[in-house]
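Next up is a structure, given as structure tokens.
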Amino acid sequence: MKKIEAIIRKSKFDEVKEALHQIEVNFFSYWDVTGVGNEKEGHVYRGVSYCTSDIQRRFLSIIVSDPFLDITVDAIIKTAFTGIVGDGIIFVSDVIESYRIRTGEKGSDALK
Amino acid sequence: MDANGVLDLMWIVICGILVFFMQAGFTLVETGFTRSKNAGNIIMKNIMDLCIGSIGFWAIGYTIMYGESIGAFIGKTTLFFDNKEDMHNLFFQTVFAATAATIVSGAVAGRTKFSTYIIFSFVITVIIYPISGHWVWQGGGWLTNLGFIDFAGSTVVHSVGGWAALVGAILIGPRIGKYTNGKSNAIPGHNLLIGSLGVFILWLGWFGFNAGSQLAISGDNANAVAGIIITTNLAAAAAAITAMIVTWISYGKPDISMTLNGALAGLVAITAGCAAVSPLGAFIIGIIAGVVVVFSIDFIDKKLKIDDPVGAISVHGVTGALGTLLVGVFATDGGLLYGGGFHQLGVQAIGVFSIAAWAIGTSFIVLFILKKTIGLRVSKVEEEDGLDMHEHDMSVYN
Amino acid sequence: MDANGVLDLMWIVICGILVFFMQAGFTLVETGFTRSKNAGNIIMKNIMDLCIGSIGFWAIGYTIMYGESIGAFIGKTTLFFDNKEDMHNLFFQTVFAATAATIVSGAVAGRTKFSTYIIFSFVITVIIYPISGHWVWQGGGWLTNLGFIDFAGSTVVHSVGGWAALVGAILIGPRIGKYTNGKSNAIPGHNLLIGSLGVFILWLGWFGFNAGSQLAISGDNANAVAGIIITTNLAAAAAAITAMIVTWISYGKPDISMTLNGALAGLVAITAGCAAVSPLGAFIIGIIAGVVVVFSIDFIDKKLKIDDPVGAISVHGVTGALGTLLVGVFATDGGLLYGGGFHQLGVQAIGVFSIAAWAIGTSFIVLFILKKTIGLRVSKVEEEDGLDMHEHDMSVYN
Amino acid sequence: MDANGVLDLMWIVICGILVFFMQAGFTLVETGFTRSKNAGNIIMKNIMDLCIGSIGFWAIGYTIMYGESIGAFIGKTTLFFDNKEDMHNLFFQTVFAATAATIVSGAVAGRTKFSTYIIFSFVITVIIYPISGHWVWQGGGWLTNLGFIDFAGSTVVHSVGGWAALVGAILIGPRIGKYTNGKSNAIPGHNLLIGSLGVFILWLGWFGFNAGSQLAISGDNANAVAGIIITTNLAAAAAAITAMIVTWISYGKPDISMTLNGALAGLVAITAGCAAVSPLGAFIIGIIAGVVVVFSIDFIDKKLKIDDPVGAISVHGVTGALGTLLVGVFATDGGLLYGGGFHQLGVQAIGVFSIAAWAIGTSFIVLFILKKTIGLRVSKVEEEDGLDMHEHDMSVYN
Amino acid sequence: MKKIEAIIRKSKFDEVKEALHQIEVNFFSYWDVTGVGNEKEGHVYRGVSYCTSDIQRRFLSIIVSDPFLDITVDAIIKTAFTGIVGDGIIFVSDVIESYRIRTGEKGSDALK
Amino acid sequence: MKKIEAIIRKSKFDEVKEALHQIEVNFFSYWDVTGVGNEKEGHVYRGVSYCTSDIQRRFLSIIVSDPFLDITVDAIIKTAFTGIVGDGIIFVSDVIESYRIRTGEKGSDALK
């Protein structure tokens, strides 16, 4: 099992979500984070104009069984892409065990 | 000035102040019922409506509306109104004018260019609205001559705003993601508590809107004013309860956003007849408005697929027209149910349709020109990221 | 109508509008001081209180209260009040009635079935409240005959609401997690800024509540009205400061939620005597109320273990009774401290206790019947997930 | 009292109620424009300003200001004002006094000790403000004798608050992180929607502030009152639009926070001359205020490096002084542009500078003593964690 | 050391927290996320009734030393369980190193 | 590649961020969480004074290539430190793969 963490533009979220459903990745969690990176955003506040690299992003955490890894990453890369600085990043790490609380299922079974 | 004169002036000023506060109510309703990423833009639009209305109506709009009638169609204009005896009327009419523009703001929220909106707000406030207002309220307008009754502006103010909103919403098109695969998706507002505070403020201001339109309180006007307060309040209450019950039956749960819209619909509907109907009449008008607004919002959204984020077209346009027509039915003097026959109803229909035609026609021309020149709509990226970020370089919540 | 008559009517209408706005204040206080998952439910309850009150009081409540007295106990009822000379009074009394029901809403927040609440709101607004109101305010009620003084309703409005809230909070029981292992847990409100805006709005509306209860402003009434404004304001200010100091001493820090409650307690307490006491008297009443409300909230919460999320029982019930009794002490005409002996105090006590008995008794019967029939409380799951999700299928914040 | 007397009293009471509500507006503006971790502290400061003002002005402040003049400098004081004929004036002046203190609150937000603030609020409300107020408004003050015009308090109320805010902001120093490496950093407010509701409420209250300062409405006062409403509204609208345009040009985007500040600046600027200038004059004053406030905020922030989180120094201090001076230019009777020469302008300058000197001097003394004794500022940790957590053991949002 | 990530119903949080304290797991962090899964929630908004699988959940992140792993997972599974769709899921993964900032402790010591 | 998760005081965030920039760690994401631990905070609400160990904290998630691991952890430990209970904690775990959405870069290249 792998954990895929994707940090994407908030405005791209609906498309990514749709794409995940297309490939039958129907389980994930997400929340909003602030990202620091290459992108800069100009702001004005009460006469002070400033540039910040602290930008609102959406963080997706998706645990998939190994066979799903590549197509999931691909789907995200494709739909979250705009080509402009700030598209975000995807990280993959290992998951040792999963439990579905309702059924008590373990391992890959818990991900279905 | 004698005490009676002072009473009248004071009443107009106080009611004007209440109507002024409705701008805050509109701002809260429109921001609360839409997404947070556009809240700043809505704030700006509402403040600008007020500012443009305040300056525009003083500079020119007031005399277009109330100047000596030219052919029962438009007032003779003088610039920078400065009649020291009439400042209370200027104030009262100014805050009314600002209302009409603000109605549009909600219907086109979340996708409209700010600069375009500013221009349109100016046009509706100082040209479209005062001209049709002249027809009904100047005393010598052609609809007045016909006997058209629109006491406080169901049609003159609300429908004009509502129909302009309709044209705007159609020409600008729906927000991205509102209709997908032929299905209407809900885009819930980000803060219904703020939205409901807005409704309370609007309800509050409406007492000034309707009861102030008596334009006097001395002598016999006093009881009339009190009667207006009661009809206004009853219609709003009846409409809110009705809308709640309708949604309870339709969806199985009493829906908050519709109940709030119901209250506003009742207020809009009673605005035309608040001085002409009995409390019972107001109660029934409220019930009708409460039913109609639910189905109208539903119909416009799901059948016509016109994206109106706050329901402004239904609340102001449809129930405004409805309320004006119902005066022909419920007016204790001349209404259909009170033995007056169909005459008044016919006159009401003429008024409702001619003003609708005027508002739709002029709005269409203006917006069409704007569409072909500077454009109505922000880019896809701007819309997705939110207008606040691109139009104002800021965010409301930090 | 002559100018004086118009002045009186206008004053009542304006004050009624201010009292109307208190509904917004109650909504904000009650939502702000509770959790976000129930905010939509509270909005609905408050709007429905207003709507039910508006229709119910017009349909029947007003004449129960002010109709010709039957045995000094209840008014002779006529349906659908329609006296064109009396619309301003109907309006003023309507918005008062809506207040009584709304008080209950806060105390039972977060766990009460919406349909049950609606029924109870109706009963309190058009039966419980107008009957006891008749005793004191109709002119021929038995408490009036005794000489009971409750100028603007510390007892008639606030205590009635507060005692009904007490019965409701007991019968419905505490929220899940409020008392665990015999310990009272804090369940902090989700937005104290909104709550404090609510307090400001209530304070604002209270000027209308108290000064409008003079029911006139012409002639000698004018100075009386101004005096009421001052006593009202002083009591609120004194109570807020006092509550702050008490918490500062007790907990080491000036507590915001208690300071806000203190201001409200001062307003409730002065309501009975606002026209009968001097500014100094009002100041002292405020101080007493500020002390009492802190300990009362503490006592009800920690000793009696009654869960009252916004402190409505203490703020409206306890300080309402207290304020009414203190009229017997501080009334410049007949008060204990002004050489009037114990007579007035005794009369005040009779009024306070008989109305408390009435409110508690009738509320108990109604709520007990509701409990045995449709039930008072939502299920555990509904409560844990929040009423908004289950009772209204929505969430306020998105 | 005859009808005219009642009208005047009623007007003052109503306007006083509107001004009262400005406290809510200040609270919302100040919390909305600052960070959430200090919101509770700001709520408390604003409520305490109101409470302290209410009690302090009744106890002593009112007679310091309006008591029989001692040497045209200060009023003869009596404790616990209790003139039954004058309660409306006490009320109106009380809510004015509370305003002056509240202005300071915003400028020192986010770093000031609560106990220190309470003491300073008391001093400014019952000593600093009423004394300079005496000079201008008591009728026998030395500035009145000179012919100084400050109709509703651009200088007497707003500049006094603004200059005290200046002294406070300097002595207390900037918030941590506001200036780093000689650069000014933006610290955006946490909720501009709440902030803009605050601005709407202030604008609303300002009608009471300015038009109530006529202190009468009967007879000829009526038209004057209506005129004041118009000048007030026009100046605010003009200033808001101007500020928007200036920021649009300077930063490429119409800035919301500045537009809101612009509206307030227009209101402050017209306060002195609202009864003395024509609508056109008000319009131009608004434009000037709208330009000046943007550059003033910029200058104070970036050049002087004084940290004023809500812009109170510029909005109240600078535009207050500016508006007072402009009376000498635009007064239709005696103004420079109306052929009155430089006399009035000179008198205005004397008034502006002497009151500025008074406010700065006394504030400095008081704050300096407080600094050396109990201290002005919370500790670094308290500031970083937020005042709510350390000063009040709570958080506003849960 | 292991990282346990549990995504549970918000309404079950208090019970889970209590259960963790019972077994002396006194250190963890949590935040609110939106979860997409089997559960559907009906909503009505302004005349549009719709079903969403985006549901508010609470995300717990607990780092424990290896001996604590099983009892912690057990405790969560037991208390977060209702048996109705939407109970949530638990993931376990490896942690290489931990540092307690205040004390500079490393490894399992940092978790006590 | 390693994932560094740091849970720190909100009031220390600005300093930590500055320190990360100093050592050229210019990419990370953060969000607010509630932490349960040793620290207790006193509160008063409406007459109930209570102590809670649920305290607002900031969660930083930083993916770095291996050579950056130690200096990053060091930088955080140094700047987030106050010595008073509640300073927070840092966890390190393994990351298998990274993808920069905009450029399609993989592995350590995606982190530059």
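Worth a mention:
Here the chain labels run A, B, C, D, E and F in written order, and each chain numbers its own residues starting at 1.
To be clear about the criterion, a residue touches a chain if its C-beta (ideal position, glycine included) is under 8 Å from a C-beta of that chain, and two chains touch if they have at least 3 such contacts.
Quick caveat: nothing in here was measured; it's all calculated off a predicted structure.
Shared contact partners of chain A and chain D are B, F.
Comparing contact pairs by residue number, the interface of B-E is reproduced by A-D among D-F, C-E or A-D, since over half of the pairs coincide. Note: centroid distance chain A to chain E, computed from Cα atoms, is 19 Å. If each chain is reduced to the centroid of its CA atoms, chain D and chain E end up 51 Å from each other.
Rounded to whole angstrom, the centroid-to-centroid distance between chain B and chain D, based on C-alpha atoms, equals 34 Å. The distance from the centre of chain C to the centre of chain F, with each centre set as the mean of the Cα atoms, comes to 49 Å. Residues of chain E found to touch two or more other chains are 31, 43-45, 49, 93-94. Multi-chain contact residues of chain B (touching two or more other chains) are listed as 3, 7, 14, 188-189, 191, 251, 253, 255, 257, 392-395. Applying the touch definition to all chain combinations yields A-B, A-D, A-E, A-F, B-C, B-D, B-E, C-D, C-E, C-F, D-F, E-F. Against chain B, in their complex, chain C makes its touches with residues 1, 3, 5-7, 9-10, 13-14, 16-17, 20-21, 23-24, 27-28, 31, 39-40, 43-44, 47-48, 50-52, 54-55, 58, 80-82, 84-85, 87-88, 90-91, 94, 114, 191, 194, 391-398. Residues of chain D touching chain B in their complex: 3-4, 7, 11, 14, 18, 35, 188-193, 196-197, 199-201, 203-204, 207, 211, 217-223, 225-227, 229-230, 233-234, 236-238, 240-241, 244, 251-257, 259-260, 263, 278-280, 283. Listing the residues of chain C that touch chain E in their complex gives 177, 381, 384-385, 389, 392-395. Touching chain E in their complex are the following residues of chain F: 2, 7-8, 31-38, 53, 57, 59, 73, 76-77, 80-94.
On the side of chain E, the complex with chain F involves touching residues 1, 3, 17, 26-31, 61, 63, 93-102, 104, 110.
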